[in-house]
Every structure is written in C-alpha cells, then in structure tokens.
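Look for chain A in each of the two complexes below; its partner is chain B in the first and chain C in the second.
And then the complex of A and B:
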C-alpha cells in the first residue's frame, strides 16, 4: 500500500518538475531576448508565446501538481490511513488536470493563447485554452475534496486528537484553493468561454477583472502555504530541534486562510470601475494578512534558535553558526526566510493604498513576485522534493552536495535577477515588454540592470538543471534503500486541550463566506445594476 | 493550549506594526486626500470617435474658464493620442483617458500618474507634475504584439513656457 500511495504523489511531482524544467528554459530565453544583446533572437511573437507559457506553467502547473503530490503524501505520512475516496479517485483528478494541462500547453506552444497567464479580456485566446485551464482546476478540486474528507475521516477515528499540523495546514490550503478558484472559474464559465465561442457577443471587462482579482491574491497563499508547512514541520526537524509552538502555527494558518481571500481588489488599485472606498477596505485586509507572515517568521527563527542551542551554539548569534547548514532543508529554510524578508518589504509597497501607483505594472512587480514566489516559496518546494524523494522512490538522494550547490545558486541567481528588476521598475520600465524599442535616451540608464538580469537568469537556469539531474539520478539510483520514514517536527510543548476551533474549519469557512459577501458582494453586483457596455473580442 | 510569553509579545507587536501601517495610509487618505485613481464612469469604447469628449478634435490639454487644466487622451493599439503633450510644472491637472480597443495601462516614472485603461470605462487621474523635462509615458499592460511600441512623450515645462505653447497652438 505504501508503494502505491507514493506512486500517486510521485506522478504529480514529476509533472510539476518536468514542466518546471521546460519553463526554466523559456525563462532564460526571455532574459536573453530582453537584454537586447542578441538581436538574432528578438522575435516578438515568440517572446509573448514564451512568456505566456512560462507564466502558465510556473504559476499554475508546477504549483498545482507539486501541491497535490505533497498533499497526498502528507495524508499518507501523517494520518497513516488510506486516502478518502481511494487512490483511484486521486488518479482520476490527476488525469483530468494533466489532460487540461496538455490541452492548454498545445495551444500555448502553437501561439493560439499568447494572452499571458492572466488572460485578461478582451484579448481572446483559442476557446480550447480556456477549456484546458478549467480542467486543470477541476482536477485539483478532486484533490481538495480528498484532503478535507480524509482529515474528517481521521478525526472521526481519533476523537479529540489534534490533527497533525502538516495535515491541518494542507487541508486549510485545499479549502483556500477551492474558494479562491471559484472566482476565475466563474470568469471562464460565464464570460470567457461563451464569449470566445461566439455564444455571447461582448463581455464586461470590469466584471472579468473583478472576478479574476478574487482568485489572484489568495492563489499566492495557495503557493506559499506548502513552504510554510516545510518551515513549521520539516525545517525544525532537519535542524535537530522542535517546533516552537504548534498552536500559534495553527493560528497563523487560519489567519492566512481567512484574510487572504477577500482582499484581491488590491490588484485593482489603479483600475477604474471600482470605487476608492472598496479598495480601502481591501487594503485593510491586506495588511491584516501580513500579521501571520510576521508571526511565522518568529516561530521559524525561534525553532531554529532552539535547534542551534541544542547543538551547542552560545551567545546572541552563536546559535546561527551552530546550525547544520549542510542540510538542504536547513539551508533552504534560511535562504527562503532571507528572500521573504527582502521581498516582504517590497510587498508592503505594493500593498500601500497610496504608494502602489509608484510601482504598479512596472518591472518592479515582476521582480517582487519572482523573489517571493519563485524564490521564497519555490526554494522550499526544491528542498521538500529532496527530502521526500528518498521516501517516495525508496532510493537515497543521489548527491547532497549537488543539492546544496543548487539551492545556493537559486538564491544567488534570484537576487541577481530580481533586485535589478526592482530598480528597473522604479526607473519606469513597464513589465511584459520584449524588445524595449523606446528611444536611446529612455533605455540607456536601463542597460546595466538588464545585463545583471541576464546573468541572474543564466545562474537560475543552471540551478534548475542541477535540480532535475539530482531528482532523476535519485529516481534511477542503483543503490536501493528501504524507504526512510517521513518525519515531521514535534511541538516543543505537547499539544493538549486544543480548542476545537484550532482543529477544524467549519466555523472559519463560514467566516470567509460572510467576509467574501461583505467585501466582494457590492463590487460584483454593481456591474448588474450599472448600465455597462460590453467589449468585443480582439486577437493579439 | 500553550503560548510562550515572548511569542505573545511578538504577536502583539505584529498587530501593532500592521495597524500602524494602516494608520499611516489612512491618515494620508483622509488628510491629504491621496487615493488611487478610482473613477466609476462608463463609455462605449467602439464609438469614441463619435463622442463629444473623446473625438479626435477634442484630445489634448484644455484650460477651462476657471483656469483648471484637463488632459483628454485616447489609448488605442499601439499608441496614446495625442503623441506629444506639454503640461505646466507644479499645476494640478485632471487626466481623462478612454481605450478604443483592449486593456491598456499608462504610467510615468517618478510621478503619481499610473492608471489602467479599461474598455467600457473612463479612467481619471488628478495629479501634479513636479519635475520639469521630458518624461516617457509607457503602456504598462500587455495589449497585443505591439505592446512595447506603445508610448508617448510628456513635456513638463515652466508656467510661462506652457502659456506660450497654448498661444502657439491657437494660431
């Protein structure tokens, strides 16, 4: 049974990392194209085809499949019971998502869907692209259901016991993803699909953007929570310590869940069609969601300090050097927190009701989310993969040294790529540009930063190759091992008398629904009471 | 349930930091009236050329009887119209923009001028340009294969030069 369960997880994860490798190749092409140093590869049509594919794969495919694989493995290793609904149901969801991904990929590569991963209308893609994207999401809903029901089944079998933290957090993530994906799902089903098929003539772009914003913020927490799970449950274990506080970690996860969905309108700060008052309300929620991240920082640092002192570290900072930085999980935890600290400050700027205009849709934004998402979150996907691969495949990791080098390169490459992007944004460079055909006067100050971006992109690409190589060589490692048991950090204090509210989601789901109605009810309804004028489709 | 004393302090501090930031933003919004551009006004993007406000002859900068300045612009693949615009430094201006086709965005570095331009709606920004000189205005939302060719020039000049430029335009 064990081997069986690992197949489902492994299949999901391989889809994630193989598509990731492909998208990393596109990434390095994009930086080369943009740098202006290789006029021979400047094809604008290819550039946008590539950015659209890279964005969809990195944002939707790598993440969704990795998270599904991680989730199934967490059910298996923490609940130690079969997945609710059986593995066959899991494979069905996997098949639906994979089919959708393949369909979307064909259209993306064929240049029939060069509409970016945000696919904002009235630019229109081939209708089959929207079908593919929908199937990817629908398949993941099967996973959401299995996460929630598996947790509930376990709770019935273990009355009064606290749900293991990793499982609790991943289930929160499943609920979060389901609620947040309803925004884009309704945009596609009620607007984009019928409109791209010609069933309705025009659509309201304001409504479409509002629905997309519903998805666009919380989706980043869907991507980030797996990294937090690694912070809470894998990093302290690898560091040789314990989790500082199980309860506070749960509270952080719940705050992320409740506050991250109803605040998406901060993506519409400079849009017409929504009143400033609503943007203000969403700004307040946006700063609330900073709190659990600040708390997480404390919990993780504290857990690592405990580990460092257990290893004999002394003094104010001595514990830092006492930690085992040659462990990929510990190293990635440290590097990830550093990137989170830098990127978090940028995030405060983006979130600011008034300061946002200084950076909106400039290259700053691309810099920000590569740092927070491709850096902070994805580096934890890497180390989690290194950690899980031996237990998933039954073979020892091919090379720990290579893994350490890979993580360092990812960190360095990410800083070299994204810090110049932040500066370019402040200098005025807009995002999503291919060849920058502005005047010499405008582009001259950009040149040194574009060069750095190219270096950063190349370093990242090398790092991506090392990752894939290590995972492949592990999978086919001749030295078979008995699969190590996947272990999670214990809490420093035993979890006793856990309030029911911190062990379930019913109440919190109700809170989100009410909060959603308050913060999105009128902003969506207004499009049906105003006499808005729809827009016809445009090709790229 | 167990909560460590130091951790409790940090939780309180986290709340305090978030509330302080909200407070600063709220104070600026209320006292200095700094809000993101949030006009709610509809328009038919397919017939801009027939509208009173956004027809070709009405685009550009205009001074009203009371002396206030309004800039009227159209964003269409792949340019902003008019292409070249002169505005006086340190003078409040109202900028109104409509899209004739798809989604666009426009911003100028080192200013508060940044807005999305959404078909079906009119964007409005109230701002004051404080740095003299030539400033590029870029399209900042992907609008098709010519997206990166879409930009215009904003010339911020002294009040005197601006009045001279208005006179020249009248002749």
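And then the complex of A and C:
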C-alpha cells in the first residue's frame, strides 16, 4: 500500500519541482531583462510570455501539485488507511491536472496566453489556455474530495478520536481551495471562455476582477497552510521538542479558513466599480487574518523554545542558540518566520486602505508577495520535501549539507531580490513592466536596486538547481536498512477531550458560506442589476 | 547540546514560554513602528493628489 501511495505523492511532487526549476530559469531571464543591463535580450513580447509562464507555474502548478502530493502522503502517514476512492481516483485527478497544465503550458510558451497569472481582462488568451487552467483546477478538486472523504472515513472508523493535526489542517486546506477556486472557475466558465471563443463580444471587467478577487487572496492561504503544517507538526519534531498546543493550532487553522476567504476585495482598493464601504469591510476582514498569523507565530516559537530549553538553552533568548540549526527543517522554520515578519509588515501596508495608494501596482507588491509566497511558503516546501523524501523513496537524503546550503541561498537570494523591490516600489517603479520608457530623472535612482535584484535572481536560480540535484541524487542513494518513517510532533499535552468544533468542518463551512454571502453577495449581484460597460479584448 | 536531568527536563516543559512572549513583543513593536513610519514618514508627507 505504501509503495503505491508514495508513487502518487512523488509523481505530484516531481511535477511541482520540475516545473518550478523551469520557472526559476525564467525568473533569472526576467530580472536580467528588467535590469536594462542587457539590451540584446530585451524583447517585450518574450518578457510577457516569460512573466505569464513564471507566474502560472509558480502560483498554480508548483503549489497545486506539491500540496496534492503532500496531502496524499499525510493521509497515508497519519491516518494509516487507504485513500478514499482509491489510488486510481488520485491518479485520475493527477492526470486531469497534468493534462490541463500541459495544455496551458503549450499556449503560454507559444505566446498565445501572455495574460499574466491573474489573466485580468481585457487581456485575452487563446481559449485553450483557459480550458487548460480549468482542467488543472478540476483535477485538484478530485484531491479535495479525497482529502475530505478520507478524513470522514477515518472519523467513522475511530469515533471520538481527534483527527491527527496534519490531516486536519490539510483537509482545511482542501476545503479552502475548493471554496476559493469557485471564484476563478466562475470567471473562466461564464466570462473568459465564452468571450475568448467569440460567443460573447465584450466582457464585464468589473465582474471578472471581483470574481478573481474571491480567489486571489485565499489562494495565498492555500499556499501557506502546508507551510503552517510543517511549522506545527514537523519543525517541533525536527527540533527535538513537542508541539506547544494541538488545540491552539487547530483554532489558528480554523481562523485562517474562515477569515481568509471573504476578504479579497483589498486587491481592488483602487478599482472604481466597488464602493468604498465594501472595500472598508474587506480591509477589516484582512486585518483579522493577522490574529491567526500571530497565534501561529506564538505556537511555533513556543514549541521551538521548549525544544531549545530541552537542549540546555537558558535565559530569555538562550534557547534560540541551543536549537539544532543544522537540521534543514529547523533552519527553514527560522528563516521562513523571518521572511514572514518582513512580508507581514509589507502586507499591513498593502492592506491599509489609504496607505495602499502609495504602493499600489508598484514593484513593492511584487516584493511583498515573493517574500510571503516564494519566501515563507516555498522554503517550507523545500524542507518538507527533504523531510519526506527518505520516507517516500526509502533512501536517506543525499546530502544534508547541500540542503542547508540550498536553504541559506534561497533565504539570502530572496532578501537580495525583494528588499530592493520594496525600495523600487517606493521610488515609483511600476510592477510587471519589461522596460521603463520614463525620463532619466525618474529611472536613474533605480539602477543600484535593479543590479541587486539581478544578483538575487541568480542566487535563487542556483538554489533551485541545488534542490533538484539533491532530490534526484537521493533517488540513486542506497536503500536504507530500516525504511525511514515520516514522523510528526506530539502535542506537549495529549489531546483527550477535543470539542467537536475542533475536529470537523461542517459548522465552519456554513460560517464561511454566510460570511461570503455577506461580503460578496451584493458586490457581485450589483453587476446584474446595473448597466455596465462591456470591454473588447486586448492582447500583448 | 547539554544533557538535562529528568528534573530539569520536567522544568523545561512546565516553564511558561517567556522567551516567546519577549520575541513577539519585539515583533509587535517592529510592526507598529514600521507601519507608523510608512504612514507618517512616507505617505502623509507626499501630500494630497493634485
């Protein structure tokens, strides 16, 4: 059973990491192009082709496939039962997602879908790109179903028992992804696809952007929750300690689930088709997400503090130095939380309705989401892969030293890339531009930061190569005498009487639906009750 | 890594996470000061949109 399950997980994760390496290469090209230092590679059409491919791969492909692979492995290692629906259903979902990815990739590489990963109209792609993107999402819905049903089946077999935390959190993520992907699915199905096929002549950009905002913020938590799972269940184990509190971790995950979906309109602060009052409501909701983030910070630090003290750390901060930073999981946990701090601060600026104007659509935004996604989340994907690979392959990790070097390079590269981007944003550089046809007076102060951005991009690419090399070489390592087991942290205080609300999702799903109706009902309904302006397509 | 006695281990597990609270306080101060700088030091001095 395990060997089959590991193949499904590995297949998903290899799709994630192979496409990631490709997108990392595109990233180097993009920073080189943007730097203005290499006029011979400045091709606007190629730049947007690359930016769109990079964004789609990193935002949708790397994440979806890695998370599906992680989820399947969690089912097997925590529930210790077959996946609901069987492996074949999992492979079917994988095949649908992979087919959709391949179709979308062909169109992206051919320059038929240079619409960025947000595919905001009036930018229009080849209809097959939207079909491919839809298939990627539909395939992942199979995974969502299997996660939820596997958890329910286990609960029926283990009445009254608390669902293992990693499984509980990953199931929350599956529910979150299903609900949040309905926004973009509606946009594609009812607007983009008929529009790109010529069935309808014009598109309501306001409605499209509102529907995409439904997806656009919670998708960040779809990306982040696997990192939080690693924070809660893998980092304390690797550090030699215990999880500070299982219950607090569940509360934090539930708050993320409920708070993160109905707040996407903060991406529309300067868009004219939504009223300021609705934007204010969404701003309040956005700031509420800071609560589970702080709870997570507290729980993870407290778990690490316990581990550090068990290793002999004394005083207020002595436990920090006592931790085993030579363990990739512990190191990535620390580095990830540092990037979350800086990225979180930037996020508070973006989320503030008034302050947002100062940074809106500037390179600051690119810096912020790279720190949160590519920094905080993806560095935990790397260390989770290092942690899982021995149990998935039955072979020890090829090189822990290479893993540590790779993580440090990713951290350093990410800071060297994104901190200058924040400054460039404050200096007025727009995001998503290949060239800046502005006066010398405006662009001259950008030069040193653009050079740093280039250095950061190269460091990140080297780091990406080291990741792939280490994982590939692990497959050629000698089989371990004793098959490595995937281990999770125990809670410091065993969970005995867990309230039902912290062991299921029925009530919370209802809360999200009500919250969604309140926060998105009228803002979407208004497009059907008032005259709006249809927009004709435009392509790069 | 120092080897702890069973009593010391018990104590380490029972102790309140004072270091974590201190660290979070530093984080909170950093966040608030950073936000205040952006609002009063960067945003407002730009003045109204002409």
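Heads up, the rule we're going with is that the second predicted complex is superposed on the first by the 535 of 540 C-alpha atoms of A that agree within 3 Å, B and C clash if a C-alpha of one lies under 4 Å from a C-alpha of the other, contacts with A are read in each partner's own complex, and residues count from 1 in each chain.
Following the convention adopted for this analysis, contacts are C-beta pairs under 8 Å (C-beta built on N, C-alpha and C of every residue); 3 or more make two chains touch, one makes a residue touch a chain.
Keep in mind that what you see is a predicted model, and the values were worked out from it rather than measured.
Contacts for A:310 in the overlay, against chain B (first) and chain C (second): which applies, first, second, both or neither?
second
So in the superposed three-chain picture, is A:344 touching just chain B, just chain C, both, or none of them (first/second/both/neither)?
In the superposition, A:344 contacts chain C only.
Just to be sure I read the superposition right, which of the two partners does A:294 touch: chain B = first, chain C = second, or both, or neither?
Touch status of A:294: both partners.
Contacts for A:497 in the overlay, against chain B (first) and chain C (second): which applies, first, second, both or neither?
Once the two structures are laid over each other on A, A:497 reaches chain B alone.
Determine, under the contact definition given at the top, whether A:244 touches first (chain B), second (chain C), both, or neither.
Once the two structures are laid over each other on A, A:244 reaches both partners.
Please work out whether A:324 is in contact with chain B alone, chain C alone, both, or neither, and reply first, second, both or neither.
It touches chain C, and chain B stays clear.
Going by the contact rule set out at the top, does A:122 touch chain B (first), chain C (second), both, or neither?
First partner only, chain B.
Who wins on chain A residues touched, chain B or chain C?
After superposition, B is the partner touching more of chain A.
Which of the two partners, first being chain B and second being chain C, lies in contact with A:354: first, second, both, or neither?
A:354 contacts both chain B and chain C.
Touch check for A:475: first (chain B), second (chain C), both, or neither?
neither
Using the superposition on A, tell me which residues of chain A are in contact with chain B and, in the other complex, with chain C.
Overlap of chain B and chain C footprints on chain A: residues 244, 294, 298, 302, 348, 352, 354, 357-358, 426.
Chain A touches which residues of chain C in the complex?
1-4, 9, 12-13, 15, 17-20, 22-24, 27, 30-31, 34-35, 38-39, 42-43, 46
Residue numbers of chain A touching chain C in their complex, please.
Touch list, chain A to chain C: 242, 244, 294, 297-298, 301-302, 305-306, 308-312, 315-320, 322, 324, 341, 344-345, 348-349, 352, 354-355, 357-358, 426, 492.
Chain B touches which residues of chain A in the complex?
44-45, 48, 114-116, 120-123, 204-206, 209, 244-245, 247-248, 268-276, 279-280, 283-284, 287-288, 290-291, 294-295, 298-299, 302, 348, 352-354, 356-358, 360-362, 426-439, 441-442, 493, 495-499, 502, 526, 530-536, 538-540
Could you pull out which chain B residues touch chain A in their complex?
Counting only chain B, the residues touching chain A are 1-4, 6-7, 10-11, 14-15, 17-19, 21-22, 25-26, 28-29, 34-46, 101-103, 105, 107-110, 112-124, 134, 136, 138-145, 147-149, 151.
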